[in-house]
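Shared chain: chain A. Partners: chain B in the first complex, chain C in the second.
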Partner chain A sequence: MKRKECIKAYAYLLPCLILASVFFLYPFLNTLISSLLRINTSGVVLGFAGLSNYALLFKDKSFQNSILRTLLFTSLFVPLNTFLTLLASSLTARKIKGFGPVETIFFLPVAISLSGATLIFKEMFRGRVSIINRLLGLEIDWLNERFPAMLTLVFLGVFLDFGIDYILLLTSFRAIDKRVLEAAEIDGASSAQIYFHIELPLIMRMLLMTVFLAIKDALLIVAPIIILTEGGPFRSTETILFYYYIEAFKSGNRAVQNTVSTLMVLSAALVMVIYSLIFHRRDKK
Partner chain B sequence: MKKILIFAFTLFLILPLFSSGEREKGVTIITIWHPNSGLIGEAFEELVNDFNQTVGKDENIQIEAVYQGLANDVLTKVKAAAISKTLPDIAQMDATAATDMNNADYLVTMRDLGLREEEILINARNAFSSEKGLLAMPFNASSLLLYYNKDVFEENGVEPPKTFDEFIEIADKIGEKDEKGNVTRYALQGVPTTFELTSFIGAQNGLSYIVNKKNGHEGLPTEVLFGKEGTYKAFLEKWKELFDTGYLNSITSGVSTEFASGRSATMLQSSSNLSTVIDSVGDNFRVGVSEIPMVNEKATGGVAPSGGAMFAFTNSSEVRKVLEYFMRDDVQLKWAELTGYIPLNVNVYESEEYRDFIKENPNFHVAMSALNGSNPNLTNLWLPSAYQIYYSFQKNIDDVVNERITIDAAVDEMVTTIKDALESYEAQNIV
Partner chain C sequence: MKALRIIVSLILLLVIAFPMLYGVAVSFFPKSDFNESKARLFPSRLEFRNYYRALNIKNIGYYILNSVGSAALGTIIKLFSVILGAFAFSHLNFYGKKAILIILMATLFIPQDAILFQNYMTISSLHLLDTWLGIALPLSFSASSLILLTLSFSSSEKDYYDASRLDGAGDFRYISSILLPLNQSVVLLISIQAFVSIFNSFLWPLVVTNKAKARTLQIAITMLGFMEEGDYGAEMASIVLLSLFFVVITVIFKKRIEKALENGINIK
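Coming up: the complex of A and B.
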């Protein structure tokens, strides 16, 4: 009987397993093995390379630069994104009459396509006479100066992720059992105490998830860069995947293709492992 | 009954997936992937339609032109199509494709096709020639030009600069500052990349290369030349001097917008943008173009040709006929008139119609005469990791003008960058 159940379970899992192995496991193993080979631009295998492809990659100054840029982007983007989405969802957590449109506005970025939003940003930040400068009374040439270009990218990243993170946090705020909050109120807890000691811990799981999603998005950011800055000005926004895009796709460098893909999968896996470890520990408590 | 109906309905739905489109018997379809859009796209459609209705009709050949994005996107798709064996007959790509195509076993060279090459302008021919001969038929050629604001130049009584020294001298005349000392109009905006440098470095001493083996046309380069020949240094010194006048703005995006809005008196751009620039400037001011300023008096080599060519992947007489059509003098003339590209059939230059055309459009003549007057051996650069090197040059030049590194250190840095790219390419590709 038990054995039968087991077979049944695997039978249900089978389609998923097949899909996962065809579309994930096989390509990954293929890439991993290819990263240890010498492959020319036409895709012909010339021999075994060992780790020399990785050595060449890490020696490449452009790659080193791209790692630093990605870390800079991540360290700016993740805190800002988390802070703003948490702020917006906290402020709108209680249903207040007439606030429906506000929620819609916060959620709206989800409905705008990535390239559309990026092009709008490009226009808003273009040149010294840009709309943003007029609004804020600034004199910054956002897309032509190194750090401002990075900031523009961070703002764009927040805009793109805001809607989905906001709705995730908002629903978890609203899923909190009202009785607990009411009980605390009757016991004389202030709103600050309720927020920091009851609400925040209760949504922590979702908050952590949005943080890890943000980290993943930051590590993998490339499409907005292709449209907005092309890695510029002067390589100041050239992230790992943008480096990968121009070297592997545009220049057909197979070694970069395979080594960077492998490293990115491994680093994403690492982030996920850390995430599940944290969860495991929390759940055990 | 119901089942039969459902079956019939399903059949009706999936049938279009299998229909291959009825085609007239005996007609050969030649597929061309191209990057022509906007005004240029319309012009290309016109040439294709002309072919299909004249030569094509007589010879039972029909061209099917498929737009595939930017020239470099066409390359990406060609490489993918080569793996899945779904290559088009012809693809129009630019010089960034040359290194890949030179190594590709699926390329059909012009020698293989038996195409007559003598009528093609030698500079353009050299731009797409390797040790294997002419890889592709040059089709849309352009060259680097100095665009200038004619009104500003005339108001201040200055001529477009012939050398960088002249440019430095007139910078404060064509540039403008407000009372507070903020620049309201720059003399020049932009940062050179590989494209501009092949000309700025290449023109020096009559002919100079960035790397050996004729800028990579005769095999993978083994040596970077601009370092020890001092050509890059000579350029950087002049560029820095121009920057120090305070009227050069080191920006990498929005250059055309700045020029069109009158905030830049000049800009360096390919002649292929001429009709677009004139269009976007509109009535703001009159646009003039001139040959690019020379780095010094000895930089007499002219400009390197840029633009694209038709790469063939099918060896057939039909493909040859299509390419021959595109090289015909009347077709090349029409193409030039519609787009501003440089006519590549040398016979065009003797025709009456061409002379009338350039009389009416003197701006279009500048690029043509600039390229015609250039050293035919001055060619574009074929390098692996071309995009990395492109961005490296910009960063390098910006670091120099903002004094983050010295000129000598900058030259060394670029030499190392290119050497590393070559070494890494060699490690992977040379057996």
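Coming up: the complex of A and C.
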């Protein structure tokens, strides 16, 4: 390796390294270390705190509530999202004549911004006279009752992620070698057999990826809540990052902000680590 | 069997298309349509004034400029850093290549929303609150774009690089006149993705802008006050206008995006 080439390479990598360290690595390491320190409200370090900030955090009733809300959201959102996107992509994987526009519409939610979609959902589920109630013959005050508000958030989440998950699954279905499917057909396999024993295992990689990305997104959900419910009614949609957002920017609570921040980065990383472990084990087989 | 497939897909289609169609329908509702005891599906008459009002929002010029400006700035920063980085990884040999790659990949595990406050403090101490650069900077690095481009650059012929060096062309000349044209579609995909993701981002611009005139469109549409006045028609009209551009882009580029994804899936 020539010295000149090394120096040149470092210079070219500098912009990436600066952006990555200033806006990703430094903030994470800083919160991680600060979360272990005792810091007063004006930012002065008073000493080492060990895990006492964390102990305090877990005793906080609002934080406990936010964990439960986040888990509830995740357990509702991930299965529904996976089921619907898998269904849509399976149904349209083999081209149907004239279905081009259908594919485009399934993909179209990627073009709608988070705030735009959230405002539309706010209107769709607005009060007892909402259009959703009229069409389904219901009498629910969606955004002012605990569980319905959570459900609205789940539906919104599915809509927001639908386009990208659909196109990822659709392209992996279509990347399957057609000869394999034809061979199975000639051997007399039913289309259900082909789907469950050949197609589904072959797209499992991508399906797993969309599931784990959905879990990660669900654990980190905050922006739609700020627009849709502001954590209400009765804190029933107050997720962990919403709690973090309020504590950090409205109450200015440093200990809470550092500990929650650290915990959430670690949990998101954990989800991705579990994913890559499963991924590698599947590859070895 | 095929009939069942078509029926189920059409039902699903209705579910997914409904929010978009309803948004368009509501954007034409006259004010009186919102006071009825049952919500309407279609407007009683087409109220085009909603669009007039959406276009005459106070400060709308600033919002458009801020959204486009910060997204364009972020896209340029991202392209600049990622192209140079990918070039180094794909064409040069240097000490610590693996270590640097690992450091950059580590960012994939750190979600922006979870370090929101720290980044706010950084931007604030750089005196970049309420600026385009402040909105753009934390959103303009993406390790996944770097990987994508490195893979793409690696697959192009190294002979061209050696030949262009023999001819005395510098690296920048080689990148701009050979490497980028060869990898046009990936670069285009990264640019669109960068622009759209910054343009459509909500939480970070919300946190980092305080002055009304510094806000982006995505923030502004949630604060128009139309909703509070029961003026949902104008609110929806502004959302329709805002989405229109990206809907058109998505429809145009759908085939290309699929192609790029298919290639990506085959590489693995």
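The rule is simple: the second predicted complex is superposed on the first by the 261 of 285 C-alpha atoms of A that agree within 3 Å, B and C clash if a C-alpha of one lies under 4 Å from a C-alpha of the other, contacts with A are read in each partner's own complex, and residues count from 1 in each chain.
What we mean here is this: contacts are C-beta pairs under 8 Å (C-beta built on N, C-alpha and C of every residue); 3 or more make two chains touch, one makes a residue touch a chain.
What you are looking at is a predicted structure, and each value in this text was computed from that prediction instead of being measured.
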Which of chain B and chain C A:Ile186 touches, first, second, both or neither: neither
Partner chain in contact with A:Phe249 - chain B first, chain C second, else both or neither: both
Touched partner set for A:Gly116, first chain B, second chain C, both or neither: second
Partner, of chain C and chain B, that touches more residues belonging to chain A: C
Touched partner set for A:Ser62, first chain B, second chain C, both or neither: first
Contacts of A:Thr92 with chain B and chain C, given as first, second, both or neither: second
Which of chain B and chain C A:Asn40 touches, first, second, both or neither: first
Which of chain B and chain C A:Val222 touches, first, second, both or neither: second
Intersection of the chain A residues that touch chain B with those that touch chain C: 126, 249
Chain A partner contacts - residues on chain B that touch it in the complex: 72, 76, 79, 82-83, 96, 99-100, 103-105, 251-254, 257-258, 384-388, 391-392, 394-395, 398-399, 417, 420, 424-425, 427-429, 431
Parts of chain A lying in touch with chain C, wherever the complex brings them together: 1, 5-6, 8-10, 12-13, 15-17, 19-28, 30-31, 84, 87-88, 91-92, 96, 99, 102-124, 126, 129-131, 133-135, 159, 162, 167-168, 170-172, 174-175, 191, 205-206, 216, 220, 222-223, 226-227, 241, 244-245, 248-249, 257, 261, 264-265, 268-269, 272
Interface residues, chain C side, partner chain A - complex: 1-2, 5-6, 8-10, 12-13, 16-17, 19-20, 22-23, 26, 36-41, 77, 80-82, 84-85, 87-89, 92-95, 97, 100, 103-104, 106-120, 122, 137-138, 140-141, 143, 146, 171, 199-203, 206-207, 218-219, 221-222, 227, 232, 235-236, 239, 242-243, 246-247, 249-251, 254, 257-258, 261-262, 265-266, 268
Chain B partner contacts - residues on chain A that touch it in the complex: 38-43, 46, 49, 52-53, 56, 59-62, 126-127, 141, 143-144, 229-235, 238, 246-247, 249-255
